[in-house]
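The letters A, B, C, D, E and F name the chains in turn, as written, and every chain counts its residues from 1.
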Amino acid sequence: MTEASENQIVRADGRAPDDLRQVSIERGWSEHAEGSALISFGRTKVLCTASFTNGVPRWMSGSGKGWVTAEYAMLPRATNTRNDREAVKGRIGGRTHEISRLIGRSLRAVVDMKGLGENTIQIDCDVLQADGGTRTAAITGAYVAMADAIEWARGKKFIGQKAQPLIDSVAAISVGIVAGTPMLDLAYTEDSRAETDMNVVATGRGLFVEVQGTAEGAPFDRRELDALLDLALGGTASLTEIQKAVLAEARANA
Amino acid sequence: MTEASENQIVRADGRAPDDLRQVSIERGWSEHAEGSALISFGRTKVLCTASFTNGVPRWMSGSGKGWVTAEYAMLPRATNTRNDREAVKGRIGGRTHEISRLIGRSLRAVVDMKGLGENTIQIDCDVLQADGGTRTAAITGAYVAMADAIEWARGKKFIGQKAQPLIDSVAAISVGIVAGTPMLDLAYTEDSRAETDMNVVATGRGLFVEVQGTAEGAPFDRRELDALLDLALGGTASLTEIQKAVLAEARANA
Amino acid sequence: MTEASENQIVRADGRAPDDLRQVSIERGWSEHAEGSALISFGRTKVLCTASFTNGVPRWMSGSGKGWVTAEYAMLPRATNTRNDREAVKGRIGGRTHEISRLIGRSLRAVVDMKGLGENTIQIDCDVLQADGGTRTAAITGAYVAMADAIEWARGKKFIGQKAQPLIDSVAAISVGIVAGTPMLDLAYTEDSRAETDMNVVATGRGLFVEVQGTAEGAPFDRRELDALLDLALGGTASLTEIQKAVLAEARANA
Amino acid sequence: MTEASENQIVRADGRAPDDLRQVSIERGWSEHAEGSALISFGRTKVLCTASFTNGVPRWMSGSGKGWVTAEYAMLPRATNTRNDREAVKGRIGGRTHEISRLIGRSLRAVVDMKGLGENTIQIDCDVLQADGGTRTAAITGAYVAMADAIEWARGKKFIGQKAQPLIDSVAAISVGIVAGTPMLDLAYTEDSRAETDMNVVATGRGLFVEVQGTAEGAPFDRRELDALLDLALGGTASLTEIQKAVLAEARANA
Amino acid sequence: MTEASENQIVRADGRAPDDLRQVSIERGWSEHAEGSALISFGRTKVLCTASFTNGVPRWMSGSGKGWVTAEYAMLPRATNTRNDREAVKGRIGGRTHEISRLIGRSLRAVVDMKGLGENTIQIDCDVLQADGGTRTAAITGAYVAMADAIEWARGKKFIGQKAQPLIDSVAAISVGIVAGTPMLDLAYTEDSRAETDMNVVATGRGLFVEVQGTAEGAPFDRRELDALLDLALGGTASLTEIQKAVLAEARANA
Amino acid sequence: MTEASENQIVRADGRAPDDLRQVSIERGWSEHAEGSALISFGRTKVLCTASFTNGVPRWMSGSGKGWVTAEYAMLPRATNTRNDREAVKGRIGGRTHEISRLIGRSLRAVVDMKGLGENTIQIDCDVLQADGGTRTAAITGAYVAMADAIEWARGKKFIGQKAQPLIDSVAAISVGIVAGTPMLDLAYTEDSRAETDMNVVATGRGLFVEVQGTAEGAPFDRRELDALLDLALGGTASLTEIQKAVLAEARANA
């Protein structure tokens, strides 16, 4: 497999292997949340809200540091066939837990908790429609929501005028090997037949926050891993540009 | 209090007491569900999906009849301050249960279960943003989603070409007495200071399906009840017109 | 359907359409509770206790106001066939939640929370035997239990000697249209074949606290609704007389 | 401590150490259950129902044997201060589990499962008022309810006319050492200060089914254990007589 | 059945009716817990840890007394066929609850809570491999773990140098009637066919803490009960010697 | 940082950066399970059992394929301070879910499900003592248990004599950057101060099954990632040798 052959491959939706899907971020979608973004990666749509509250959980009280935490969920009919609600089942599933924790860690990686002060940002990422890549869209959108919540808090003087709680930006993308070809930003049909599936979370400066690669079919070798990491960093760099552009605009509900 | 005095009262958002808020119904919002509608009553936004599946719960099997059931939920930051997720708490709250049951009964009232055959329609109403009237918006939007799911099933020949499972349409609206004045379609700030609060579910033909009136402050008398019922039937008649208009258009995702 | 024809109809248990079943209230049934009543509406038997405690939930502390809350449940074999215990299932069902909330709202409607002071009355209504109308019997009996708990608290000087926390009395009754005839106080067999079913909660002065009407079969029109409301107010007036008579007697366990 | 000294001790309620409290059994209290009994041991009141159903749990199917199982619960205000409902807490407590299992084992000890055939008897014991000895009253009353359910099933021909599923009767009583004196049938105030507390379940023929002795204060020696066992067998013999007398009467609701 | 005949009976594993299985206690097995013991009764292996913490539950605060509590659990494949995890099922079963409570009561019977001061000892007994007698092994091993935790606390000066919180030792053993013969320390295959099964908890001084006898098959008479009690006291006396010997050694991890 | 400087660093327990802790695998530890291993990575001890059962979950029935699934848990006092039991809390935590899923995926990566036939292997990994690396020890030990369960099944003819369900072996190790130095097999104190923490699961042939890297402190760059991957593959190669050696011995309980 060469760069050349990769570029000749055309995906079901017409993309080249290293193309992102159409990404859009509707900032300030929620009229209630301190920060929010409705993000789309193609047909995947995730509503991300950032709720800012004064104070931190009891075990952190007095530390002078803030806290960022996240929850992820999917509407029952976000998917092609309906899934039972976790609230009805009375328990959170393993996948939901895993993704919620990933989002929280990813956002905390770019926050200076001292700069945030004893305040909490609660991120909620609710998948309204799913077509692969919901966790990566969630992280990418949640960063925008969090950035707006921090600006809101600065406006309210809940954090200092000179405090810089955001030490970098963060975005995430999926990559995978599908039919032998490394591909960027897998749609559901691609994801479900990928041999190897990897989610990469990286900062705006191009450093890794999380690398999670899984052999769904055959185990993968070092060369394949390297190809996927290259592809992913290209994707997160593009997402970083989109985040910057969106945050540069005046906020709709500000 | 006379009709005249009522009409002179202007509400916070500029409406007359008997005005609905701006109502919009985005049909076919979901690309996965057999029927769907994103409905807005002012700032209240509810995503309604109708999932059609062959077969019925075991206890109905062999009856020749179908089943319609509904679940209602709210995103954690749909409201002005964040509410904990019911899935995280591990149990469904009383209010959620109550509204889910109301939506289910309301929709079943206009379905001929024999006409539906042994098929199930699962309605999901998820409140994306709340500003009062979420249950009435949910019922009104769910009817549109259900109607589309039935047409989808007819197209797939899961129900007979001549079967008419829908025997009427259904819509719902809230009414209440606020500061002594009966008002239609209460926004959250009105609802929270209403002395009496009533939700009325009515069919397109103007018959009652549900009447739920509650004295939040002082108990109410028969004359007040009558005024609220009049107001509500006016509201559901307007909603019926909007539903008809939306369903007359070609479906987006059809 | 005329008044005349209604009166000629004889129900399975020999009642006229506007007859209550035999109502009995055994006040002070429990030797432990501050107030209690074992109420029967025919074969429906509900044990209502009112537990008075000093203090209020944390979120009300310092408000100078009291709190009244209620829980409803059914013994597993209160009904014709056994139902699994909700404790064993590990979750409260929607119907139970709904009725508990209704009872709480109904009782709060006749309590001046300032007069109650920072005290809590916890109502428990446990259905020992069910034959329709369990929620209406529960509300009617719970009022008696609550009145006794308040008198107990006055005796203990937990509330002022001149405080009048009870601003009215409250009772409830079911009405419904069965085989085309509006009927009062439905027994289970009537309830299960009613086209329309309504529960009305009204004060001793004849004002409405709750009106909950549901079309079980065909939707109902305004004329039917009016007939049901008339019938219900007659029923709650009779129940008010029975409550007064019982509370006028010396308390058994006082 | 001698027999003589024991007999001179007078308990708070006037009983001698070896006296039972007033025992009453109201057979057929429930109009729905196949067998039922409202049993009182003094102020302790337990409603016992026996629900007979055809068939057995799947794991016993085809064995030709029946099944008897039991659940015990307490109303929230059965006790002097209110306990939260287990259904609301979402889990059954250890004490409830333990007593439910004890009741089930005790009843199964006197049933010939082959004689019962592939039928299930579900016992429910709900404590309406508690003053010590609720588990022993429950077992004693449940036997009466079960006996009636079996007769009901014989009448319905669900079990053979000659089948004798009941191979003995069963009753239970508490005993304990209070202030150095062995006493029968402890009331709550006695139970709470007993040094040793024992529940004994015995058959009508005087054989042990369960012996559960616990040192609440100081451990006990063999001589004390023997004294308690003697006292208990006297108590269960008296209860056996009461059960026989009640079952000899014509059944109220038969 | 005579003493002579009993002694001639040989059990599946070669033991005489009054023989214990091979008992071993590996003290200080855990490197983290303040006290611990891996105890074996034949193939039954239970890991017992005692966690010592300063402070007591809120309801005991200020009493000057300590608290001892216990939890028991079984690994899913401790048994011959796998059992689902209680954590996965989301609820603790009745048997687990019952045994946890028994262990806690047994240990508290030999602790002077004043001597312990306001400190808590949390016992955990986890069955790694089960072959009958898990609860009796758990109690016997937990005593050793608790004794070590108390010595640890004395070393840390969390309890006074002269305080004697342990007023006695405690051990437990099962006995039962198998094929007509009273036997000591039943292995699983014996336990599952025992007519009568009894667990006896006794102190080092030979006093009873708990006696729990259950007729699994036919009810038992007084003579059988006496034979079982004799056998059990012999067993607990032997276990007391083993505990003493183990505690007399220098502690591995001390 | 050079290779040279790395090798001069000495860790708290005397290891070089690229040293594993002492690894031991006690095969056949459980007398009940079809395969089992008690594995130690230094002070971390995990009991791994593999339960083999005929049949597969209903959704796989008829596929001709087998299933492998895993559950991970920790004893409450496996850690330095006690954690509440998940069974008592009534819910599985996110970390537990995540690790259970990881173990399951890792083992499935080396199993040919067709070769396994319609049989299920349930893996249980219970941490008896924790000192970092519990998930990697669990995977490494579970492979041994699974291999033995497969041989057991071959002996029982539940799988074909020539079937080769194991297509490779699998082992796992943690790596991390501690104080600027990449280190292998982190103990708890190292793990808790690592800037970057990575778990790598690899096959005996040296292919990746899972790569999970997380920036705990500062994000990491590509060069650091490469160093960690090199170190990890060295570690899994050593573990593979240990697994081979253990499996080459005659099985203790076979």
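Note that contacts are C-beta pairs under 8 Å (C-beta built on N, C-alpha and C of every residue); 3 or more make two chains touch, one makes a residue touch a chain.
Being a predicted model, the structure only gives us computed values, none of them experimental.
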| item | value |
| --- | --- |
| Starting at chain D, fewest touch steps before arriving at chain F | 2 |
| Chain E reached from chain C - shortest hop count over touching chains | 2 |
| Option reproducing the contacts of B-C, where over half of them reappear, out of A-B, D-E or E-F | D-E |
| Averaged-CA centre spacing for the pair chain F and chain B, given as whole angstrom | 52 |
| Rounded Å distance, chain B centre to chain E centre (Cα mean) | 60 |
| Centre distance in Å when chain C and chain D are each reduced to the mean of their C-alpha atoms | 33 |
| Shared interface positions of chain F, touching two or more other chains | 90-92 |
| Topology of the chain contact graph, where touching chains are joined (line, ring, star, complete, other) | ring |
| Cyclic chain order - from chain B, heading first toward chain C | B, C, D, E, F, A |
| Complex contacts: residues of chain A adjacent to chain F | 91-95, 97-98, 100-101, 105, 109, 168, 198, 202-203, 205-215, 218-222, 225, 229 |
| Complex contact set, residues of chain A against chain B | 30-33, 36, 43, 47, 49, 51, 53, 71, 73, 75-82, 85-88, 90-92, 96, 122, 124, 126, 128-130 |
